[in-house]
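In what follows, subunit A forms one complex with subunit B and a second complex with subunit C.
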Partner chain A sequence: MLERGHHDMGGLPAGKVEPTEHDYAEWERRIDAMVQLLRGAGQITVDELRKNIEALPPEAYDKLSYYEKWISSLTQTLLQRGVITTEELGRKMEEVAGRKK
Partner chain B sequence: MKPQFATDYPALDAKFDKGDRVRVRKTAPLGHIRTPFYIRGHVGEIERYCGAFPNPEELAQRRDGLPAQPLYRVRFKQKEVWPDYKGPASDVLEIEIFQHWLEKA
Partner chain C sequence: MKDQGTYQPYSYYQLMETSLRELLVEKGIVTDDAVNAEVTAMRGRQPERGSKAVARAWVDDAFRQRLLKNGTAACEELGLEIPALKLVVVENTPQVHNAIVCTLCSCYPRVLLGIPPDWYKSRNYRSRMVREPRAVLAEFGLKIADAVQIRVHDSTADMRYMVLPMRPKGTEDWDEARLAAIVSRDSMIGVAIPKVG
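This part shows the complex of A and B:
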């Protein structure tokens, strides 16, 4: 069966493109910096990041913003490589969530 | 054919020349694929040999992608790719495609 990847949408009907100027949020700048630093350190490749973005479920792919896709993919890549573990990540997320209260 | 960019990777031989007619393989494996879905199965013409580069499909799986795959810029006629294309018949579409996705047409 010939199956198009959800991300592979070239040539499909699409709405009008609305070009707008926008600034980046601080967390987006940080994600960008993390990706550049990890690439420089040889810890990740662009191709892995692309693979993990393309592996997002279609509904997530459509819903997530550009840098939300990046952080999702970066997280998957670091888990797959064993740079971080799900245990460490889950505990850190709990800690951060706790800070806000 | 002289590559546009010379690289030092151990590489496969470039088997197509400028002007060769090539068909893009029509298949859909899993993984990270840089050949757009919409162009698979279409016939185009080699516009240039870009050079040999590690295979991104392998790089995405943390392998070295060697031997490097020859990469070509392939030119397609817009009217052949899009049946309802309204522009001039001379309009073309150029896509860079790795050799393992191409067959002699």
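This part shows the complex of A and C:
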């Protein structure tokens, strides 16, 4: 039988539901916005995003917040599609990090 | 679950967001204006949109029937566009209480209710809601009588559910706007019911 994926948690034992919520930060909303725009433009599909979230290692899946998972998945999807390269991304992250010091 | 409310400035993932966005702008794939416009549109999508549909269904029985038959088309009548997905509205009755979940991730009727709250995406809610909904609802302070059946609807990427709560007694002479004001987001998820006063 196929082993259940880490994300596939319906029916499993778990703890009390804490009614937590927070007002999403701008950077989180921008991640959401990029996803909607790229989906609308046919650059990515919701299934790719989902697949790349589900492919996160279980530790990361549990540790990352919702939009941290989304940006990881979106980046991975765009790398897989060749829209961006790891070199470009690495260079840009270095540049942005340097700018913010 | 992890507290998603506190972030250090320029965390790794914030850095990733800025970097990816700048790369996409440089490549001409998105513009900052388009991203900002989408964020603004997102802020405009609040649960009041869903409340409007519920209040209309309470005062207009023909609309209620259309809403239950084809949620997407009925919402479009109210000017609530629901792009590319099927909206299924499930109705609470004295015999049946409905609630929604997405066990695999976070599917949610976002166009009507906005971005889902953190708890909706939590492991505890996703895992247990389909197995022991009565206990989970009690944790939200909602006691459902044993005689009432609970139906839990597991959402998918292409099909979203929304609960049509029961109109509370004592609201018979209320107008639509006043009714809409008591329809909370949680009552359309099914973890609460509308209350008078």
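Details
The rule is simple: the second predicted complex is superposed on the first by the 98 of 101 C-alpha atoms of A that agree within 3 Å, B and C clash if a C-alpha of one lies under 4 Å from a C-alpha of the other, contacts with A are read in each partner's own complex, and residues count from 1 in each chain.
The rule we apply is simple: a residue touches a chain if its C-beta (ideal position, glycine included) is under 8 Å from a C-beta of that chain, and two chains touch if they have at least 3 such contacts.
Note that the structure is predicted; figures quoted are calculated from it, not measured.
On the superposed subunit A, the two partners subunit B and subunit C both fit, without a clash. With both structures placed on the common chain, the touch criterion links A:50 to subunit B and to subunit C.
Judged by the touch definition given at the top, the superposed model places A:4 against subunit B, while subunit C stays out of reach.
Working from the superposition on chain A, the subunit A vertex angle toward subunit B and subunit C, CA centres, sits at 60° in steps of 10. Counting the residues of subunit A touched by each of subunit B and subunit C gives the higher count for C. Applying the stated contact rule after C-alpha superposition, one finds that A:74 touches subunit C and leaves subunit B untouched.
Figure legend note: subunit B and subunit C, brought together by superposition on chain A, show a least Cα distance of 7 Å. Residues 8, 10-11, 47, 50 of subunit A lie in contact with subunit B in one complex and with subunit C in the other. Of all residues in subunit A, only 7-22, 24-27, 29-34, 36-38, 41, 43, 46-47, 50, 53, 62-68, 71-72, 74-75, 78, 83-84, 88-89, 92-93, 95-97, 100 touch subunit C in the complex they form. Subunit C contributes residues 1-5, 7, 10, 13-24, 27, 29-30, 34-36, 38-39, 42-43, 101, 103-106, 115, 117-119, 121-131, 136, 139-140, 154, 157 to its touches with subunit A in the complex. Within the complex formed with subunit B, the subunit A residues making contact are 1-5, 8, 10-11, 45, 47-48, 50-51, 54, 81. Chain contact summary for the complex, subunit B toward subunit A: residues 26-28, 31-33, 36-38, 40, 56-57, 59-62, 81-82.
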